[in-house]
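Take a look at the following structure, please.
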Amino acid sequence: MEKLIAGLLLLLVLALPARAQDAFTTALPGLAGGFSEAAAAVEQLGASADPRALPVLRAMAEGRLQKTPEGALRVPQGDGFVDPATGQPADAAGAETVRLNNRVRQALRGALGQLQIISPDAGERLAAAEGVFRSRSAANVPLLEAALAKETVPRIREQMELALAASQLVGTEAEGKRSAIARLGSAGTTEARALLIEARIANPDMATAIDVSLAAIEQTLAIRRAAETLFQGLSLGSVLLLAALGLAVTFGVMGVINMAHGEFVMLGAYATFMVQEACRGIPWLAPWSLPLAVPAAFLLAAAAGAILERGLIRHLYGRPLETLLMTFGVGMILQQAVRSIFGAQNREVTSPAWMQGTMMLPGGIAVTQNRMWIIVFGIAVLLLVIAAIRYTRFGLEMRAVVQNRRIAATMGIRTGRVDALTFAFGSGIAGMAGVALSQIDNVSPNLGTGYIIDSFMVVVFGGVGSLAGTLVGALTLGVVNKVLEPYAGAVLAKVFVLVAIMLFIQRRPRGLFALKGRAAES
Amino acid sequence: MSASLAAPAPAGAGRMTLRLVLIGAMLVLAMLPVLNRLPPDSALHVSDFIVSITGKWITYAILALAIDLAWGYAGILSLGHGAFFALGGYAIGMHLMRLIGPRGVYGHPTLPDFMVFLGYRELPWYWLGFEHFPFAILMAMAVPGLLAGVVGYLAFRSRITGVYLSIITQAMTYALMLAFFRNDMGFGGNNGFTDFKELLGMPLNTPSARSTLFYASLLLLLGSLWVCGRVTRSKLGRVLVAIRDAESRTRFLGYDVTQHKLFVFVLSAMIAGLAGALYVPQVGIINPGEFSPGNSIEAVIWVAVGGRGTLVGALLGAFSVNALKTWLTTVAPDLWLFALGGLFVAVTLFLPRGLIGLFQKERR
Amino acid sequence: MSATELAAGAPHPPRGQAVPDAVLYLDGVSVVFDGFRALNNLSLIVEAGELRAIIGPNGAGKTTMMDVITGKTRPTAGVVRFHDHDLTRLDEATIANLGIGRKFQKPTMFDALTVFENLELALKAPRGPFSCLRWVLDRTSRQKIESTMAEVGLTARAHDRAGVLSHGQRQWLEIGMLLMQDPELLLVDEPVAGMTDQETEHTAALLVRIAGARSVVVVEHDLEFVRALGSKVTVLCEGSMLSEGSIDHVQNDPRVIEVYLGR
Amino acid sequence: MISNASRFTRRATLGGLGAALALPYVKPSFAQSAPIKVGVLHSLSGTMAISETALRDTVLMMVEYANSKGGVLGRRLEAVVVDPASNWPLFAEKARELLAVHKVDVTFGCWTSVSRKSVLPVFEELNGLLFYPVQYEGEEESKNIFYTGAAPNQQAIPAVEYLMSKDGGEAKRIALLGTDYVYPRTTNRILRGFLKSKGIADADIMEEYTPFGHSDWQGIVARVKRFAGEGKKTAIVSTINGDANVPFYRELGNQGIKAEDIPCVAFSVGEEELAGIDTKPLVGHLAAWNYFMSTPGKPNEEFKALWQSYIKNPKRVTNDPMEATYTGFRMWMQAAEKAKSTAVAAVTPALIGQKLMAPCGYEEEMLANHHLSKPVLIGEIQADGQITTVWKTPDAVKAENWSTYIPENANRRR
């Protein structure tokens, strides 16, 4: 694509030798100047509609445009450089990248929008329409009308209409303004609302029409906000679910209070980091390092869990309080060990492209990709746990040992092995939670400490020993937290939730999904 | 519930030796500020640092005693005793802040600096009365006592025991920590209270203030020992042990377990609050970090290390773990967590009765 | 005839109405755990000074009945009264203080405390924390404890921890604790398990002697022992009363033979 | 080089109560020719370890550096490292230990304001000397502390001025996001006063605080977006502390807040914090500090080379507090040489007026108020995690630790 344009450009330059004082050549040297000069030059180039400007501006936006010590510009092409003023290959000795600031970036977005709005590439046209929408210049009206006349893709058309409306709104033509107000009113986005609020101040005569449009937007936004709050709550809930699931197994099933649970989560996050580093050298593997990290984190944390259970915890069965204190000590050691090995600094775990950015759900509800995936992951892990407990031999043996250790032993089940496996399983789940947390939180030795109390609360609230309780508990706490947050602030919301759980437990000491009857008494 | 690890009462002769050791240790402690006054080149001179740090450890020992009373005797493993300690500290901290008066940075006659700064016009109602020392001391006991009363009543009435109670109390201190971190609470947020000037008319940060506080702590330690001893040796003490080992059986004997547990929990919280009140003027700062769940667990571990179910064990644990920590954070700043964590693991695994168990075995 | 019909057919006054001499009054009591009926419309009256033996196969609901009376388990339906007190609304400690003492099937006491201390805790005295704190062992109390120790044969072990006693001694200690409580109604669950024949005889005599002044309900498997008690016998089965009368009467009851003795 | 074993500590190995009781009989004594002791009071464990361990290493590097230059006053330097473990009372205890037991001549330490406030009375009582290397809220002055980080006027105000300038995007609405502690609270109070003086109404300022280590920013970022959607150009001013920045920036990137639309300027974010994030979605967001690793010039090249060779990792980044530690250490060396003594009473006056060509590329001077004159740099985050300067003050700015935008400072006791 670029090559094609550059080729066209070359032809163009050859065909029209030395058209001395056109807009392009006048504006071009400004790009190498200071930030304000560069921003002005970018705007001129955008308005020039000169096809030669496109590759230069694009190179600039992508941070590839070079300038020589003498102030001449160089566009990289293939292995060499081209002088954009002449289109001829040129030498770029000592050149450095042209630096940008936000003002220049803003100008670039508008200018590229103007230049690319008739691009043959649909993606570019969409981005261009958005760029033009944000640059809000009345001068773009003819350009947009022309582009709209040719556009067939509905999504791009809509964006172009909005851009047109935004441009008309700051124009002088009253009729255009009126249609723009109506069009923006149906858009239902915060950007449209911002435009209308500003227009209301500039056009007091149209206040009534604008108010109607604003009210329509408000209504859409209110529904969307509720949906987004729900999503945020579910997202927080899924994080809590992941952190608590492992605990639901080790505490709920085995009755072992593992204060080092948070550290297993942290180990999982570091495993993710290590897998990512290992994959770095292999380009085709790199984007898949995160999925690969899931089994790795599971195995690492499970191994650590098995060692902990066989080495220490099994000597303390029947003494849950001692186990609690002992595992606190283990947590201290694990944290410091990780700090010694990896350093106290945060480790960078990058998100793969498919986990970045925002995703639009139907109805214009914007959700972030990484959180969406974490919700999916949380549910997948839950299903995995349920399946492992219900449908595998290991799950059967585990349930047998939980219900009656002695009888299970007489039936030939190696209870010690089952204990170790169960604990390893719970720890491994914690490790998988670490993979998810590496995408939203710091990968640091302290990662786990922030989640341990919340996880306990989820398990206790949901009902010890009940996976359904853990699920409902986690999601309830997440949603309640997020619903309260705008009113009470993040801290008080959390405090309220904690107090509410404490009161709830007074009423139902065994949690939401309590086991009833004689089994629960013992 | 947990299997009973009933610590047997040391045999008569053992108990006697233990008591002698305890009296000896107390005498040595009592001598420290006196030795501090000796000329620095004297062989017996004790540095200011030792006096101040020992004073701090004594308050920790009182906290350990309070935990031991609840855990070692009544089986209530509270992971929130740090909160009672911190509340007591905040009570006295408020008094100390009020005493700064117009000597604060902004020279406001009544408002502490942080309030001036956050734009308070007048003192919030819950700060009233703290200018009086007796009131502050009363609050240092009453507030933790009241909190323990409410939380304890709700929990014990619902028969929340064992690890559930531990988790609830942990959540309690965590919630308090979050709340106190908020600047809008009117307790100085993360910075808490510092830069105290005087207490009872004596300027802090002088050797004489330090030795006064030291003796006050020692006195409180002895007083707490006496109170705890009085409780544990009475029939109430035996009821508590009964509750610890077989709670429901105690109920069938007609004892209202909720009342007994509540009594000891509140008493323990009040002792912890007083310890906090003596801790704060000695370290010169109180902030929400004191509420952090880790602090409470650490204090419980002192008791476990020393040996729960014996009052001396609690003291031994508090002194030895803290001495070790002070030493290790200087000698091995990068490795001390390994050592301390390893100690906790080793003690729970190999010394279920704590260090005191070692002595008891030797004597048998 | 089904067990339910039998129970319904048993002579007893209409619901909720107090019976003049009744110390303990159960009417239509049911307990359901997760769909399992541990007690099924059970009715029972124990009169003042009565000694009553209760027998029944495993799972007949004997222990659940004890749990209901002592407040450990709340009935799903039915009336449980002790004199005028509605036991379904009271907690264990209050019920115990009303004068109902219980001995558990598995002897339960405080292992960390000595025999003497166990008895001291059981001694009838104010039970509040402050009273316990102020409690001083006076001469009468000491004598009472010592005479009880003599009665149950543990004088020599007064200062040994309960945890080191043998099974039989633990049974005796628990009976001693029951005596110390001085209750009006004693619920005794399998008191002679693990005892020698001589001890069993001794226990039977003890219970008969006690019963004059108070009511005693004994749950037992050992039919010889029940016979030695010479009391009225109630047979439970599947949570309901199957038969009631003298030991000879129930032993000859064909239904009892079928479900219990006959096996 | 690092002496941890004083006689006090060695004897305390007895452990337990024995150790507690044995302590009094030991007293430290040092010979006249003993090395100069440099205390290092930075958390190596707990929540602050993430930031403070690098500073510990910087001080150790400087001790090595000084010794390689023949020491100070011909005496060898020796570091005494302790771990206050992110526990504020422990900071006070360790400060006392450094001063009373180890008799250190100078201490470099603390990061958070509360840790500084915790040790301040100890340094004043025992007349110690502390160099504090982190930007802070001001409103403090002690004869025993030298503040080598920025005061609010050396960071926050120029940054907001920049945001409101044409180059910065002419922001008219400001969202103040911070961690709920004294530095953000004070900074935002000062900024409010400043914004008011620039004619910005209260309705155009949003202020929100979160707890330490806050990790769920979904709601707040969404609210900022909404706030920005009420017309007028909006910018974010972030005083979010250390750990919470990574999840905050991730959320910012994921919710698609572009620097061109809503630029975010941060005061406690440097190369070290960015090391944990993928910065590609964050290009163009801003940081206001007094030093960036990318600063050109010989002093910075030397500093970076010294650091990377000390830490034996050519990729390790430098940051502002490290530079402040370095500058403070060099100034202390100069002052000690000038005073021909390491005694606090002699070094303190000698420190005032010390000048140094600092790695930030400007000559910094220790002022009479114990603060430095410093340049203010505004940098944009780059795709590679570095920060490049897009604006800077022409000269070093003198620190005002008592802000004129806080009216109560008028009544301050002097």
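Here the chain labels run A, B, C and D in written order, and each chain numbers its own residues starting at 1.
Quick note on the criterion: contacts are C-beta pairs under 8 Å (C-beta built on N, C-alpha and C of every residue); 3 or more make two chains touch, one makes a residue touch a chain.
A quick map from chain label to UniProt name: A = Urea ABC transporter permease subunit UrtB; B = Urea ABC transporter permease subunit UrtC; C = Urea ABC transporter ATP-binding protein UrtD.
Given the structure is predicted, the values throughout are model-derived calculations rather than measurements.
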Exercise. Quick one: point me to the chain whose Cα centre is farthest from that of subunit D.
Key: C
Quiz item: Looking at B-C and A-B, which pair shares more C-beta contacts?
Solution: A-B
Practice problem: Return the distance between the CA-based centres of subunit A and subunit B, expressed in whole Å. | Solution: 44
Practice problem: Express in whole angstrom the distance between the two chain centres, defined as the mean CA positions of subunit A and subunit C. | Solution: 66
Exercise. State, to the nearest whole Å, the distance from the C-alpha centre of subunit C to the C-alpha centre of subunit D.
Key: 73
Quiz prompt | Overlap residues in subunit A, where contacts from two or more other chains coincide | solution = 335-336, 489, 491, 494
Exercise. Note the residues in subunit C that touch 2 or more other chains, in rising order.
Key: none
Practice problem: Send over the residues of subunit B in touch with two or more other chains. | Solution: 178, 181-182, 334, 337
Practice problem: Provide the residue numbers of subunit B that touch subunit D in the complex, in ascending order. | Solution: 25, 28, 32, 35, 40, 43-50, 52-54, 56-57, 102-108, 114, 116-119, 178, 181-183, 189-192, 194-196, 204-205, 283-285, 287, 289-290, 315-316, 319-320, 322-324, 326-327, 329-334, 336-337, 355
Quiz item: For subunit D, which residues are in contact with subunit B within the complex?
Solution: 4-5, 9, 12-13, 15-17, 19-21, 23-25, 27-28, 44-45, 80-85, 87-90, 92-94, 96-97, 100-101, 112-114, 117-118, 120-122, 124-125, 139-140, 180-182, 185-186, 189, 209, 211-212, 406, 408-409, 411-413
Quiz item: Of all residues in subunit B, which touch subunit A in the complex?
Solution: 2-3, 5, 77, 151, 154-155, 157-160, 162-164, 166-168, 170-172, 174-175, 178-179, 181-182, 293-294, 297, 300-301, 304, 334-335, 337-338, 340-345, 348-349, 352
Quiz item: Which residues of subunit D touch subunit A in their complex?
Solution: 44-47, 49-50, 52-54, 166-169, 180, 208-211, 213-216, 218-220, 222-223, 225-226, 228-232, 243, 246-247, 250-251, 253-256, 259-261, 263, 272-273, 275-278, 281, 284, 286, 380, 383, 388, 390-391
Quiz item: Can you name the residues of subunit A that touch subunit B in the complex?
Solution: 257, 259, 312, 315-316, 318-326, 328-333, 335-337, 340, 449, 453, 456-457, 460, 489, 491-492, 494-495, 498-499, 501-503, 505-507, 509
